[in-house]
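In this document, chain identifiers A, B, C, D and E correspond to the written order of the chains, with residue numbering beginning at 1 in each.
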Amino acid sequence: SDSTTGGSSGKDGEKGVVNIGYSGPLSGAAAFYGERTLNGLKMAAEEINDEGGFEVNGKTYTINLVPLDDKYLPNETASNAKRLVQEHKTPIIFTPHSGGVLALQVFNEVDNFIIGAYTSEPSVTEGGNKLTVQIPPKYDGYVEPFTNYAMDRFGKKIAALPTSSQYGKDWTETLLTYWKKQGGEVVYESSINFAKDTDFFTVITNALKKKPDVLFIGGASEPTAKVAKQARELGFKGGFIVMDQAKLNEMEKITGSYEVLEGAVGVLPLIYSKAPGVPSFKEKYNAKYKEDPGSEAGIHYIGLHAFIEAMKAAGTVDDPKKIYEHVQDGLDAIPEERKTYLVPKITEAGSFDYELHFGVVEDGEVKEMEAK
Amino acid sequence: MYLETKQLTKKFGGLVAVNNVDFSIEKGKINAIIGPNGAGKSTFFNLISGFHPPTFGQVIFKGTDITTLPANQIAKLGISRTFQTTNLFEQATVLDNVMVGHRLRTESNLFDAIFRTKRLQREDKQCRDKAMEVLTFVGLQNITHKMITNISQEEKKRVAFALALATDPEIIFLDEPAAGVNPDETEGLAELMQKMVDYGLTVCLIEHKMQMVMKLAQKIMVLNYGEKIAEGTPDEIKNNEAVIKAYLGGSAIA
Amino acid sequence: MTSIFNKRNSIIFFVLLSLIFPAVVPNDYFLYLMTTAFIWVIAVSGLNILAGYTGYLSLAHAGFFAIGAYSLGLLTVKVEMNYWIAFVLTLGITSLSGLLVGLIALRTKEHFFAIYTLCVGYIIYLVIDKWEGLTGGVRGLIGIPTPANIGSLAFDSVHSQYYLVLFFMLLSLLIIYRIVHSLTGRTFIAIRNSEQLATTIGVSTMKNKLLAFVLSTFFAGMSGALYASVIRFIGPEIAYTSVMFDLLMYLLVGGIGTISGPIVGAIVIVWVSQQLQFLQEYRMLIFGPLLTLIIIFYPRGIVGAFISLKTRAQAKKRKVPIVNESLTPTQKQIEEG
Amino acid sequence: MDILIQQLFNGLTIGSVYSLVALGLTLVYGILHIPNFAHGALYMMGGYMTFTMMTKFGFHYWLAILIAVVAVGLLGVLMERFVFHPLRNAPPLHDKIAAIGILLFLESFAQLVWGGDYLTMPTPYNQVVSIFGLTFTMQRLLIIIAAIVIMIALNLFLKKTFTGATIIAMSQNREGANLVGINTTKVAMLTFLISGGLAALASSLASPINLVFPGMGHLVILKAFVIIILGGMGSIPGAILGGYILGFSESLGATYISNDYKDIIAFILLVLILTIKPTGLFVKGGHT
Amino acid sequence: MLRLQDVSIKYGEFTAISNVNIEVKSGEIIVLLGANGAGKSTSFRAISGLSKPHQGDILFQGRSILKLSADKIVQAGIVQCSEGRNLFSAMSVQENLQMGAYIHRRKKQQIKQSMEHVYELFPILHEKRHDAAGSLSGGQQQMLAIGRALMSKPKLMMLDEPSVGLAPLIVEQMFAVIQQINQEGMTILLAEQNANAALKIASKGYVFESGSIVTEGTREQLLANDRIRKAYIGA
């Protein structure tokens, strides 16, 4: 039905459709996460379509988003991608999990499509794949400011209780290495599987017995907040370093107030960000999905805009290699009011390079700090 | 001695199902075991055929001690049995049921199966021929392709016989072979048992149908509460006080 | 005599169809999907030997599938072994692990066996997930090579991989067909029907159950190895219970205890669930009840339903059940039961 | 020392939840010989029901729990009627797969209605109580007390009332129960009602210390299976004891062995036990 | 009181009983004779509602009970003491008796009385009232099964081979008890292979062979029948 276009040699006034692919968990345990990532794409696509589309080489294109469910399984991601490329000729496929990205990297250069990789897994760019764009910020940037802040304010003993995902583990390793380098001490280290643990009390009890000054926690916002809350219940008085996956504002909904989170340092929630595109994005998102947008949505939103701008700059909608070459131009061309994040450049390896801001909870409210 | 048990004993928890039983089975004859329900007759069979390990005592077959052998090994030695509740492969045809019965006399393995070796083909035919042979012997050559679920009780009994015979046994143990068949059919089954003996097999059966037992058996053992209370020829048993009291019932047989 | 022609014809038809399939489909996606479906067919057929023919439902099968995938992955990526040597070794490793597990697991029966193996499967998953040093943990294993060339045959394209997997699937089916229709197969079926009776007729049930178990893990391993080399990335989730549930679903919807059941089940479900993509988040809402209904109304799966339809039609036509000389009763029973 | 006591308390809390879930599972198994793979979905539905009753309708915690217990109990009854009853004579594999179908359905249903995110269930029992340097929260005390009360009540119900005794009678001899005039169909439904109710109660109690999400039943159910096998399938004291054994071994295992491997403990325990005793620990004797 | 009209039952393809006609009058003891598998238990199962006939009708006190479920039939006043005894093996003797009174569960007083009555009939049960039913000997289990059946105060009691596996002495006792409860006013339908003992107390008998009734008649008629004497009484 939706025949895709091709052709960069369109005539003036002609209309076309660009299919944008998406494969993520839309059913099963991780579905809510998949949906939020997809929401960001939908917002961007609708914005552009509502304006009547975008113009490349004199031809006007609208965006048709084709989302497929992969249940978080890499082999399903691969089948989906084959389908997207073969049946919908999608030049770009977004995938919000590292397994899926890695499975796609097996053939994306041959089958010729860009992966919009929403994962901070370093190996997706380290492998030298020529058509992968890593869209979220790298966590390394947070390590130094978080450490400095928490150490100055609370002390040198840290206990780590992050989520047991690979991301959590990598984060922990980077953070703890730096922490020790700064003269800190790691008194306890373990991880929690939020989807499978029935009770966090046990592990928190064990961690607190080691009298840490700072707790490193993280994962999805809600369970992370539970961990913080239960640590307070068990008498913990120190500060928290919150891994970037969790958002302070979402955590506050669980804990009931920022008081519980006093002294927490984490990424600045999108809604508190001073980036120019945030207010309007937040408003639209609120209206549409009845909740505050998180970074998954915000990053996908700006990600899609960046690619569309790149298409304009490249003068093609169906040559992924060319589009890829023009991502930097795309980033430069994103209108101010759409900048939910400030992404000045894309690195040599293909990662978006963000201007980082972070937030701390002081006296019951979130304050913005700038990472140097 | 052909097959004998020495002080054979089986306890289930506190219950002594078989208690110190010495019994010998005579070759080429029909031996019978009788006794009230729960006397331990089936358990006695189970001990001989290796289904339950005895708590105490021995089973000796042709001079070798087979007490601790597993059931399948005992079957290979030529000891075969049927079950009280007719136990067949319900979802298969008569022929299929009986064909596997000869499996223990074949050697072919996975390799033969995968490569369809000569040996497999030969043995497959061998099993089929054997099945046809024993089915003919029990008189079922005409219903080989019927499903077990669709045949009569008496036919099932015959299939059970055939299955036991397909293992090429020397001695065959039948647990209540005539239970659940009418007098007429019982007659037929009795003839069949006689035919087995004529054919050179040794038969040992458990039966409640006294008329049949008394007519067929050459040697009878009576069990009661796990203990052997009598042993002898039908005439001896019929007139044994203890047996009349425990099993036959004074007035019933008189 | 017509039925044998039907049967032979349908086999020939299936093989021919699968051979020309790449030529008739519009694009690689179909081919790719079919390739993955074939991979599942191998695993499910293996499971069928155990659950369908021997009567023991193992819920550790996804675990053995994962052992196969990881063995191949680790041998090729970390040990950098020649692909085909690794492939053969993988089959050995999975069979061996099947042997070890089987020795203990097969002492239990029925629900105990099912839940015991469920736990074994979960332990396999946890080990893969936690043993980062070896398996890469949650991150998974990347860079698994495509099957190495055999002479001038290369396996780096979707087409060639399709044919490679097809080859292994047909080979597996042939082997399984032959096993099931041999005396060994009869022995398995005897155990399924009555373990007690099987013992009395001289069958060593433990030995045969173990053989069935090892065979089933052998095919799980083969399937896992092919999965690893086609997808070329594996993570611990392939050992998870949801994959196990998928395998069971393929088996039951297709028709347990039939050779063609796994083929029909895997292909139909893989396609249907792709076709239901448009339902997105409603997908499982439809799929779940559908599965339950199939189980209730077609307990013998699609193949079972088809067979009873056929026999009924035949019985109507001829009034009496036909006895087919060339089709042995076992074959009939196997296909039907 | 205090860490030991604190961890024993933690083990008691989590053991209480496990026991409640395992009880429901074992009751159904005892009577109908169905290993209900969808029990975890009932657990999950219970959490959502209570959550909705509290947040949408503003009901009090206990009222919300009551409604959830009844609603999920009825869901169990529906399951019995429409799925397990028609399958009662099918081979053992089929009810497992049918249950998986239900599981998939209920999970995606929950996701559709409530979304896939983690939800927090409010509770009026947020207070933290510290005695002798040990920390209890009211909710945790509540879990323990409520679980014990319910287990005692259930036991009294089964032992002292005629209706309860019918359940025991039927688990021992279905036909015998039928012959003394018990309507076995009704008892089957009643059992599912109780089983679902227990699952809902367990999740309603446990949710405030954790979260409500579609996958919340997964690991609980797997562990409940381990428990009922440990405790002897169908044995009620076995399920309770097994639940606490697992609760303690997890909290102590996490402390003295490794938190990362504490989940494996349950499974290793089971594999070891079945390796030594293939029919489970407390098999019921005396079958005729 | 009870009438079976042309009842036939199939188990799958196999016809277990065909065209069975039985008539039981109030206050009688009727005996069904027949070899193993002749169809006695199957007839009982049909009356109890455990197996549904595919043909024929069963009337109890003039009303068809064909459509009633097993538990409703017990409530109507027919109780069966089945062949396998079907006791609740892990429950105590007393609990078993209590369950027997399930349909009278609200009448505490009546239950107590019935129980005392049962203990009078079988003093051994009183002695063993706290023991698990599964631990009793075969004879005691049979007594318990009869006792449990009595607890429901049926109008018609069916006993399926009550003498099975019991020592002759006990068998005599058993029949004495049966006669006693019959004299107390209960109608009894008995299945037996032990024709001799059964016919001593019965007023009428039916003889089953391969699922059909081949002979019927009063005690005297049956005892006088040579063929019957030979086949079921011996010699």
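The working rule: a contact is a pair of C-beta atoms (placed from the backbone, for glycine too) under 8 Å apart; a residue touches a chain by one contact, two chains touch by 3 or more.
Quick caveat, the model's predicted, so the values are computed rather than measured.
Chemist: Hop distance check: subunit A to subunit E, minimum number of steps through touching chains?
Modeler: Step count on the best path from subunit A to subunit E: 2.
Chemist: Once you count every C-beta pair in contact for both, which comes out on top, D-E or C-D?
Modeler: More contacting C-beta pairs are found at C-D.
Chemist: I'd like to verify one number: the distance from the centre of subunit B to the centre of subunit E, where each centre is the average of its C-alpha atoms, in whole angstrom.
Modeler: The separation of the two C-alpha centroids amounts to 32 Å.
Chemist: Measure off the straight-line distance from the CA centroid of subunit B to the CA centroid of subunit C, and report it in whole Å.
Modeler: Comparing mean C-alpha positions, subunit C is 40 Å from subunit B.
Chemist: Nearest whole angstrom, what separates the Cα centre of subunit C from the Cα centre of subunit E?
Modeler: Computed value for the inter-centroid distance: 52 Å.
Chemist: Any idea how many Å lie between the Cα centroids of subunit A and subunit B?
Modeler: Going by mean C-alpha positions, subunit A sits 74 Å from subunit B.
Chemist: Got the subunit D residues that touch at least 2 other chains?
Modeler: As it turns out, subunit D has residues touching two or more other chains at 107-108, 111, 260, 263, 285.
Chemist: Give me the residue numbers in subunit B that touch at least two other chains, ranges are fine.
Modeler: none
Chemist: Send over the residues of subunit A in touch with two or more other chains.
Modeler: 27-28, 31, 35, 164 - these are the residues of subunit A that touch more than one other chain.
Chemist: Determine which chains touch and list them pairwise.
Modeler: A-C, A-D, B-C, B-E, C-D, D-E
Chemist: Applying the document's contact rule, which stretches of subunit D touch subunit C when the two form their complex?
Modeler: The touching residues are 29, 33, 35, 83, 86-87, 90-94, 96-98, 100-109, 111-112, 222, 225-226, 229, 233, 260-261, 263-264, 267-268, 270-271, 274-275, 278-280.
Chemist: Would you tell me which residues of subunit A are touching subunit D in their complex?
Modeler: Subunit A reaches subunit D through residues 27-35, 164, 190-203, 205-206, 209, 220-223, 225-226, 230, 233-235, 253-254.
Chemist: Any idea which subunit B residues touch subunit C in the complex?
Modeler: Touching subunit C from subunit B are residues 49, 51, 70-73, 75-76, 80-81, 83, 87-93, 95-96, 99-101, 103-104, 106, 108-110, 112-114, 116, 120, 123-124, 127, 144-145, 163-164, 166-167.
Chemist: So in the complex, the part of subunit E that touches subunit D is made up of which residues?
Modeler: 48, 50, 69-72, 74-75, 79-80, 82, 84-91, 95, 98-100, 102-103, 105, 132-135, 141, 148, 151-152
Chemist: Which of the residues in subunit C end up touching subunit B in this complex?
Modeler: 175, 178-179, 182-187, 189-190, 193-194, 196-205, 211, 215, 323, 329-330, 332-333, 337
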